[in-house]
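For reference, chains read A, B, C and D in written order, and residue numbers begin at 1 within each chain.
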Amino acid sequence: MLKVGIVGGTGYTGVELLRLLVHHPKVSVSVITSRSEAGVEVSALFPSLRGMVELKFVDPSNAELDSCDLVFFATPNGIAMQQAKPLLDAGVRVIDLAADFRLKDAATWEKWYGMPHANPQLLSEAVYGLPEINRDKIRQAQLVANPGCYPTAVQLGFLPLIEAGVVDEGHLIADAKSGVSGAGRKAEIDTLFGEASDNFKAYNVSGHRHWPEIRQGLADVAGKEVGLIFVPHLTPMIRGIHATLYARFTREVEVQELFEKRYAGEEFVDVLPPGSHPDTRSVRGANFCRIAVHRPQNGDTVVVLSVIDNLVKGAAGQAVQNMNIMFEFPESAGLHHAALLP
Amino acid sequence: MLKVGIVGGTGYTGVELLRLLVHHPKVSVSVITSRSEAGVEVSALFPSLRGMVELKFVDPSNAELDSCDLVFFATPNGIAMQQAKPLLDAGVRVIDLAADFRLKDAATWEKWYGMPHANPQLLSEAVYGLPEINRDKIRQAQLVANPGCYPTAVQLGFLPLIEAGVVDEGHLIADAKSGVSGAGRKAEIDTLFGEASDNFKAYNVSGHRHWPEIRQGLADVAGKEVGLIFVPHLTPMIRGIHATLYARFTREVEVQELFEKRYAGEEFVDVLPPGSHPDTRSVRGANFCRIAVHRPQNGDTVVVLSVIDNLVKGAAGQAVQNMNIMFEFPESAGLHHAALLP
Amino acid sequence: MLKVGIVGGTGYTGVELLRLLVHHPKVSVSVITSRSEAGVEVSALFPSLRGMVELKFVDPSNAELDSCDLVFFATPNGIAMQQAKPLLDAGVRVIDLAADFRLKDAATWEKWYGMPHANPQLLSEAVYGLPEINRDKIRQAQLVANPGCYPTAVQLGFLPLIEAGVVDEGHLIADAKSGVSGAGRKAEIDTLFGEASDNFKAYNVSGHRHWPEIRQGLADVAGKEVGLIFVPHLTPMIRGIHATLYARFTREVEVQELFEKRYAGEEFVDVLPPGSHPDTRSVRGANFCRIAVHRPQNGDTVVVLSVIDNLVKGAAGQAVQNMNIMFEFPESAGLHHAALLP
Amino acid sequence: MLKVGIVGGTGYTGVELLRLLVHHPKVSVSVITSRSEAGVEVSALFPSLRGMVELKFVDPSNAELDSCDLVFFATPNGIAMQQAKPLLDAGVRVIDLAADFRLKDAATWEKWYGMPHANPQLLSEAVYGLPEINRDKIRQAQLVANPGCYPTAVQLGFLPLIEAGVVDEGHLIADAKSGVSGAGRKAEIDTLFGEASDNFKAYNVSGHRHWPEIRQGLADVAGKEVGLIFVPHLTPMIRGIHATLYARFTREVEVQELFEKRYAGEEFVDVLPPGSHPDTRSVRGANFCRIAVHRPQNGDTVVVLSVIDNLVKGAAGQAVQNMNIMFEFPESAGLHHAALLP
């Protein structure tokens, strides 16, 4: 069994990792850390795991992480960049679910994340963990930067269009809607039930941290800068991202076929039949990205609808998928769950 | 007191009209009809109105509507077009909250609503009841076509840009999100709590009935056809529409100032300070449209955020506003409610 | 116009007070305090009040509260007990929406609220502001302790039974369910959307602060101690309390009639017809308590269903009702709103 | 592989059965019927199952159910009683997820379900499928009546107390709260999002069909009639039942120990530590019943909190558990899912 550690296990991505790993056929979680909950049974904090997880949270200072084969960082931004290096040096492979290694350019990272980067060298070493683009690199990677939730949904939706070079990549629009769990398990007024329920709003229209990440990813594919308007919205649901993507065709293409071909071999990207409208619950708790492609009134604009569960394909599920690739397990090991519906 | 009748009082727009009219200083509701609930106390169906509404639902065949000064149709599409004529002939003024008179072109109407129009002559007579555009015509109107919910939010958001001629009106995008009450109080599987809660999806991407209505309204203002991509989404909240609008500038403009000037005299359109993100609950139960204008990364695309309560400014509230204009009451009479927050 | 001050205006009861007072015909809010938001426009924090409230939050140290006729404390527990005395001495009447003056016994208060009481003398002076019991005392009161939300729903539901002496008051059961806004506008993990949505749980079964308050109120009516099991539950809705009350008959009574007679003259307590099931939305945003009485299988147990909006009849609305009584305004002044449905 | 058929696969229990069976190691679903959706791909109706279920819905008249080893009826009440007999005669074992065989007394059944029973003989043959009581009988059963959702939560909560004879079983109270999916996937106004969201109410206080089922089950255990007040409530969440149970002690007992011992060997009943409050999400999507026991103020009343997922332990999961027992699979085969949290 692969020996796995989790740093920062009290957030939503941490508990979701546990939900997925607890029945993974090849993996055993041997250590999980938390500064605030050290000494507490994991199942006392998360009774959903009673009878499945026998671990206690361990203070990071006492955690024997370097005896693990793999360590997941499910921490806030800014932690993994400080702690990954010694683990990597000890031969431990690392997947960071936070943003510390997602951007290649340190200056850009520092601008958007508002702090100096503790280890800019690692930025170039890290592999961006979107398997549908980087599968081969992930297989070899010592350090994987697990993509953000919005970037996963948006990139997978634009990817076939950009790769094929059939749209004006200077004027992409991503209107994205996220469930509230995307904000994490942090005590904040904005994400209280009384604030977020029965309510809908855009936020960070002037600039969101996932904007440079999406642009970087699409630029890599396009081979040049892309122009992107990215408007995130907060939606009164727990899990789920729905990205509605707009682009203008620059030449004719059979767009449904384009998407189906691009993702024919991808187990976790599901292109729906023409005319479909994927709903977020069709991926609730599951590692799929479901995509539908529309061309309203047969005009010059393509509309792509792309849904994921922000905590699964947008976080912990994708991390497990990356682990499976890194350790040459079947890519879907431990990820067979059907979505919970209703 | 103005004598008012309501045809079709068992839906959400009907009960919302009652909520607003029951304390209106100038109006008395004298008759409310329902085929299915004839003989039932209104307050038995809607206990929220106990002690405030003493009426019973009356079968339409027995309703003395022609003794009213004004009749609201809060019926499904296709009813008002059959019943409005004799009332108008009897001198009763009519506000239709359904879609029967919203489009000027009968063929277009018939295509989108899937039935022959019973009275195409009335289409030209009817005044489209968006006060911010048509206030003077509404004042004189015998027959007012109350706008759809999406069209209200979208048109008010695009209006200043189109009037000023500063954007490419051939490529407008309206990404709109609606609460579930927009689908009405009808027994349907898609809008069950078990289907719509904790879920998000687009629908009718290939074509929605509000698309021609929005295009007609904006074309009137632009003086030419407009190109519009309109993608509606179903959001797990009861009330509220959030329209996120995208357009590309064709020339420089101080866009915040443009909006503020355009709506300076409008009591029910509220332009928020720069950098704002209106949330739908800021208009929950209130007749306001709140708007914020953004220009991300100072680029060539304007993003307008426009929120309304679909049952108030998007239906019953706007109908009351139209009534106030038609009968020369203060435009905000009966519409003073602050939004319910939280 | 009555000159009114609000201390602590940034919570849910504060903004709800503003919503109700802003259109009150006899009242003008002249000052509202907040330590954290001093200098900020009220309508910047609560855009729902844009165009209706022109005030800024004032730091408590600069607030000229003693020039008010009435001051509402919408503060956390423990503030009013420190600040009420000088205001009272200056002739300002005070309504505390927190718990500082709800219990008559200082030792009990200190036990349940976990701090010493700053002014135990005021406990005996304060009038418990449940108008349906204490209307005459409220009229004369200088200091009103506005009841808790659960206590309002539970006491109004049990009151006719206890007064009539027809049930075993030694074994009352109150199974109460509250919307999440009851926990206030505080950054806490338990009331995050991600925690409270699509979820239901009991809490504080071993003891809740409202338990001694309810027992005190019912004991006053019964003329002796009462036995009470009180189980509060957190429900995934914003507003509303539903109390399901159980008691065993000690003698025969026509229970529907008993309730109807008891509340015949009460404008804000509405006894529904036999067989009814009040829903919380029938009072959403409104100051009513709606009650239905059942006797399942015609057995020896009475089941009372009692609903209120925790922020209105359970807090700000009841406070306004108390103000109306204290200043001899019509009791329903400013409280005419019909509930928001749906 | 066990050959399994599902009759009536378009409801919530049907799709939940599929979610659980699709990865069950011992089972293959070979036929699923639906009158209304015959010919439609299952995954077209339920995109959450895309890539996992290759079946089409088959018209019941063409379904080769008698070649199955086991048939689940996930139909409305009144279907299985008409169709089970020929299957049983053909040696097919049957689990009915509806109510057709839950009550032993035909007259009682007919009174509560409002129709004549088509096959009263089967009532005595059928085994009530609550494994924690009837495991041995289930193992032998040809026909299993899968318990109702409320009855599962309520009986498991009262069971240790009744078995031990330590409470007044003449005055039991079950205050139960259910998510909206309990009402099924049927087009009805009461369970629309617009009606059920942000709302809470009791229903059927005068009598609910699960009342005789619970009483029958508890009477079997008690060896005599039991008195029960059962008040169900509709809660704005999709899945979950929370039963709050009240009983009065007739003699002293260490109640935590009593529960722990009773359920020590039960894999799917989890007794929480003293002082706990189980939340429904701790079992969302999982087959557990989690229970906590309280004795407020150390008085004479016990309060039991019992939660299940109404579609899993309250329906499809329990049906799979029964199947596992009937066919001597490990009882938890296919039922290992951790709850989805958040």
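Following the convention adopted for this analysis, a contact is a pair of C-beta atoms (placed from the backbone, for glycine too) under 8 Å apart; a residue touches a chain by one contact, two chains touch by 3 or more.
Quick caveat: nothing in here was measured; it's all calculated off a predicted structure.
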Touching subunit C and also subunit D, the following chains: A, B
Higher-contact pair (C-beta pairs counted), A-C versus B-C: B-C
Where subunit B and subunit C are represented by their mean Cα positions, the distance between them in whole Å: 36
Centre distance in Å when subunit A and subunit C are each reduced to the mean of their C-alpha atoms: 44
For subunit B, residues contacting two or more additional chains: 12, 181, 185, 194-195, 197-198, 236-239, 278-279, 281, 284, 342
List of subunit C residues in touch with subunit D within their complex: 171, 173, 175, 177, 179, 194-195, 197-203, 205-207, 227, 229-231, 233, 235-240, 242, 244, 246, 248, 275, 277-281, 284, 294, 296-297, 299, 301, 303, 305, 307, 342
Residues of subunit D defined as touching subunit A within the complex: 12, 15, 18-19, 22-23, 46-52, 181, 185, 197-198, 238-239, 270, 272, 276, 278-279, 281-286, 290, 336-342
Subunit C to subunit A touching residues, read off their complex: 12, 180-181, 183, 185-189, 191-198, 236-238
